[in-house]
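Structure provided below as structure tokens; questions to follow.
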Amino acid sequence: MKRGKFTVLQNKELAPATFRMVLAGDTEAITAPGQFVNIALTGKFLRRPISVCDWNEAQLTLIYKVVGQGTAQMSQMVPGTELDLLTGLGNGYDLEKSGDKPLLIGGGVGIPPLYALAKKLIAQGKSPRAILGFNRKEEQFLTAEFRALGIAVSLTTVDGSLGIKGFVTDAMPQTGYTYLYTCGPAPMLRAIDEKAVTSGQFSFEERMGCGFGACMGCTCQTKYGSKRICREGPVLEREEILW
Amino acid sequence: MKRGKFTVLQNKELAPATFRMVLAGDTEAITAPGQFVNIALTGKFLRRPISVCDWNEAQLTLIYKVVGQGTAQMSQMVPGTELDLLTGLGNGYDLEKSGDKPLLIGGGVGIPPLYALAKKLIAQGKSPRAILGFNRKEEQFLTAEFRALGIAVSLTTVDGSLGIKGFVTDAMPQTGYTYLYTCGPAPMLRAIDEKAVTSGQFSFEERMGCGFGACMGCTCQTKYGSKRICREGPVLEREEILW
Amino acid sequence: MVKTAVTLSGVLLDNPVIPASGTFGFGYEFAQWYDINCLGAISIKGTTREPRFGNPAPRIAETAGGMLNAVGLQNPGIDRVVAEELPKLREVYQKPILANISGFSLDEYVTCCAKADASPYTDLIEVNVSCPNVHHGGMSFGTDPHMVYDVTRAVKEVCRKPVYMKLSPNVTDIVSIAQACEKGGADGLSLINTLMGMRIDLKKRAPVLANTTGGLSGPAVFPVALRMVWQVYEAVHLPIIGMGGIQSAEDVLEMMLAGATAVQVGAANLVNPFACQEIIDSLPGLMERLGIQEINEIIGGAHRWEKM
Amino acid sequence: MVKTAVTLSGVLLDNPVIPASGTFGFGYEFAQWYDINCLGAISIKGTTREPRFGNPAPRIAETAGGMLNAVGLQNPGIDRVVAEELPKLREVYQKPILANISGFSLDEYVTCCAKADASPYTDLIEVNVSCPNVHHGGMSFGTDPHMVYDVTRAVKEVCRKPVYMKLSPNVTDIVSIAQACEKGGADGLSLINTLMGMRIDLKKRAPVLANTTGGLSGPAVFPVALRMVWQVYEAVHLPIIGMGGIQSAEDVLEMMLAGATAVQVGAANLVNPFACQEIIDSLPGLMERLGIQEINEIIGGAHRWEKM
């Protein structure tokens, strides 16, 4: 965990109300895909938690959706804007458990953290495949980047305007994958859990006070006691989750 | 009274912690020297009242001293910054009463509004003279501009490093002026009142809620009833003031 | 077209937005900024029997997300308000007027309310039992259920127009105070007035306000106001005018979901003279985005969710 | 060199800055951010007799200039705190520790405080009679002078270490509560805990917090906290730990001028993990600029000005 100043390099609308922000700064504290940063915004008391979509030694990429005042403020930022970030927050996904053919399932703005995960898995010689779900064709983002990784990508849209009509679960195979990594809205996670045939890791969201384990604001119950989404999470093991 | 967006054209340190800010925008509501503007600042609930030092159809000049967080924030603003101002606030000085040889006395950041006043008086064919008081030489500002108007200017400094050693009252003539216009800290105003031999107008400061007459936050007692510094003031007639 | 009209005890408002007492003068001065007939209603500056200068200066201090005021009920007295200020307001404004009344004794409340009630220009009497700035009287009426009950009953006897009791948030149990008003026959409630606060000047090492303490208002108090409206709505069957930190159409709807029938906007008018107009202008669009056709339907709406 | 040391009932603090209970965990986790031995003291997470999960999520909501929390006293119970958490803290931290204790019955307070008092690692017992999130107990102890008096007396009987009662701001008359603590034998007071507030989610038309209401803290409440410290300082002869919205060295001095001997910093730690360290670092420079040589001299300083 680190606090640092970051500079906006790029802030681009990828799909309606969905933006990619590239930031330059010290990324040393980021150790695993699925971790998040917590962003201080002028005039807002609490920071905004956003998953790391991708990073290297000097830059990190976020993809966020405008849902309220804070993300609206972010969407207006021009290159050169300085931001105060806490980085390296949360546990992130555990790559060791993936097996050979892990399945990555993301819905909407749950997709971004799976991108860095896919890259790392490939680098480790694994053959991940991905199912990415959107509401409709116009809302798609990051699909080309996923395909450019050379992996199999299935798309679903609720209205059928792109890929398979329906939810991500409608594209889930009955078998053929070794492990599951997923991130997205809570009802999606739950539906996936019902259909899943392997073990896996699920990434959760919760309203946060601090984002680094100090306030007990984000605690949830698991089979193995209470866990802080910001610290022992956001990624939980399928086996421990109390739905 | 108007609300409008203004753009910072210049923001320059004239003396330690004393800045001149030139703003472009609609100045139509400004009708008299001695009026003020009320500036909205990000993250501050109340606006900051600052006297108009000078203005034309498209620009206005403010001179302000950094005394707290709001003015510190202003001092960091770069050209191009947009500000939300209420303009044309307060009564301002009444030029009609000046007589031929009005005396203008300003102390510290009470000096700025007298500059536009001097210009207007000269334009009306009057012969104003000015006494400007500072703590020490390094803190002087606007003195060259006053001299450039071609009027007699006496300077005082508390430590004697420039002009007459002492307070503005030490430079006040016993006679020879037709009217008095003054602005500065309350103790200075009071000392001037004690030495003054003509009628005159005194400009006051008070903590303000609105700056435009709505809240009764700035009311003071006068001989003729209560007056709002932001509306019936900031300029009061010598005769009505209750010291 | 969405519908924004609401009714306060028979008084029809085009929309639920009312500038709050003490932040809008006697109204007519805002006519310089915009046509004030767009307002749901106006609550005029708090009025007492005698003219009052109020507290010495400084009366204002800034706080994070809000402000303190210790104006201390400066007003020209009820007779001049009725004879001069209200007619002056009527010249530029034809919508409902709330007369906001304060007092230092039961007797003063009764006299003032009767006079306000008799004016042809008033539509509703808002009785402030909560001003925290006045040392002898104001505060104590609003913090003791028995005294609030007494004031309510006495005032109701002399008023034909609806009487709304305006309550102080500086109490352990707002519900018991609200219930005392209901028992006393109040037609409705206004809540909240300001929270008692203070600031100290570090350079002078002295309180900023000449009066030492003042009333906190502005967005900082919004969550406290919302909670009190919520609690009172659960326990009392009277219409509520909700206020405290409202700055946007979003805040209006949040307050109404908590249980308010209408709202007042206070400190926001001081930093943005167009605040009420802007809120009213953005209300229909926000309602459409949230799928609200009829604003009346959301009053107390968040309580019904809870029960689902 | 200016002097920043203060003393709380015999407990010496290098400086008056203490992270507030519930915002600093059990302390050791902040050792990852900076050397926490720079702190004046630490107030640990509120502890109860039994382990508690706390309230369901969401527990956090944002407000203008502050936040709401409805954590609901999540903690591992006093036995584990004494056996595990305090020793773990001591490994990285050698300065004073305030044990913050909550309870749902007189008996629970007594048991917990006795255990906390017996730990070699605690220096001061801070008794929270004010948590607004727990339905049966917490709130009521802190809002009734008689109950506060009973808790104070009972706890004092089992503690050798100084006992500070932590009070709720959700009361009509904070002074009468403080006086009850004094009468009960308290060594000092901590004020304030959080103000009760709420927020509503416009899209869901439901309260944001699963618990409906929560405790408001952060800069928004600073003026209310300052006012209560001021009032209590005037009426009670006990040292006060002042808190509520402190974010800067300026706020620390303002709180001390109002009457606090030391201060706690709460919500600020959550948005800036370095908050306490930064405040402590900037305190000497600010004192020099204001001509304060000895921080002790300004405690209650703004009252003395008034009397000049």
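The chains carry the letters A, B, C and D, assigned in the order they are written, with residues numbered from 1 in each.
The rule is simple: contacts are C-beta pairs under 8 Å (C-beta built on N, C-alpha and C of every residue); 3 or more make two chains touch, one makes a residue touch a chain.
Protein identities per chain, from UniProt: A, B = Dihydroorotate dehydrogenase B (NAD(+)), electron transfer subunit; C, D = Dihydroorotate dehydrogenase.
It should be emphasised that the depicted structure is a prediction, and the values quoted were computed from it without experimental measurement.
Q: If we define chain centres by averaging CA atoms, which chain lands farthest from chain C (Dihydroorotate dehydrogenase)? Would you check?
A: The most distant chain relative to chain C (Dihydroorotate dehydrogenase) turns out to be A.
Q: Quick one: report the Å distance separating chain A from chain D (Dihydroorotate dehydrogenase), using the average Cα coordinate of each chain.
A: Centres of chain A and chain D (Dihydroorotate dehydrogenase) (C-alpha means) sit 36 Å apart.
Q: Indicate the whole-number Å distance between the mean C-alpha point of chain A and the mean C-alpha point of chain C (Dihydroorotate dehydrogenase).
A: Measuring from centre to centre gives 46 Å for this pair.
Q: Can you work out the whole-Å distance between the CA centroids of chain A and chain B?
A: 56
Q: On chain C (Dihydroorotate dehydrogenase), where are the residues touching two or more other chains?
A: Each of 61, 63-66, 218-219 in chain C (Dihydroorotate dehydrogenase) touches at least two other chains.
Q: Using the touch rule from the top of the page, what residues of chain B touch 2 or more other chains?
A: none
Q: What's the contact topology between the chains, one of line, ring, star, complete, other?
A: Basically the chains close up into a ring.
Q: Report the complete set of touching chain pairs.
A: Those chain pairs which touch are A-B, A-D, B-C, C-D.
Q: In the complex of these two chains, what residues of chain B are touching chain A?
A: Touch residues, chain B against chain A: 42-43.
Q: With touch defined as at the start, can you tell me which chain C (Dihydroorotate dehydrogenase) residues reach chain D (Dihydroorotate dehydrogenase) in the complex?
A: So the residues of chain C (Dihydroorotate dehydrogenase) touching chain D (Dihydroorotate dehydrogenase) come out as 61, 63-66, 68, 143, 170-173, 195-200, 202-207, 212-213, 216, 218-224, 226-227, 230, 245, 250, 253-254, 257-258, 290, 298, 301-302, 305-306.
Q: In the complex of these two chains, what residues of chain A are touching chain D (Dihydroorotate dehydrogenase)?
A: Chain A reaches chain D (Dihydroorotate dehydrogenase) through residues 1, 3, 40, 44-47, 86, 206-210, 212-221, 226.
Q: Quick one: in the complex, what on chain D (Dihydroorotate dehydrogenase) touches chain A?
A: 22-25, 29-30, 32-33, 45, 53-54, 57-67, 69, 71, 74, 208, 218-219, 267, 269-274
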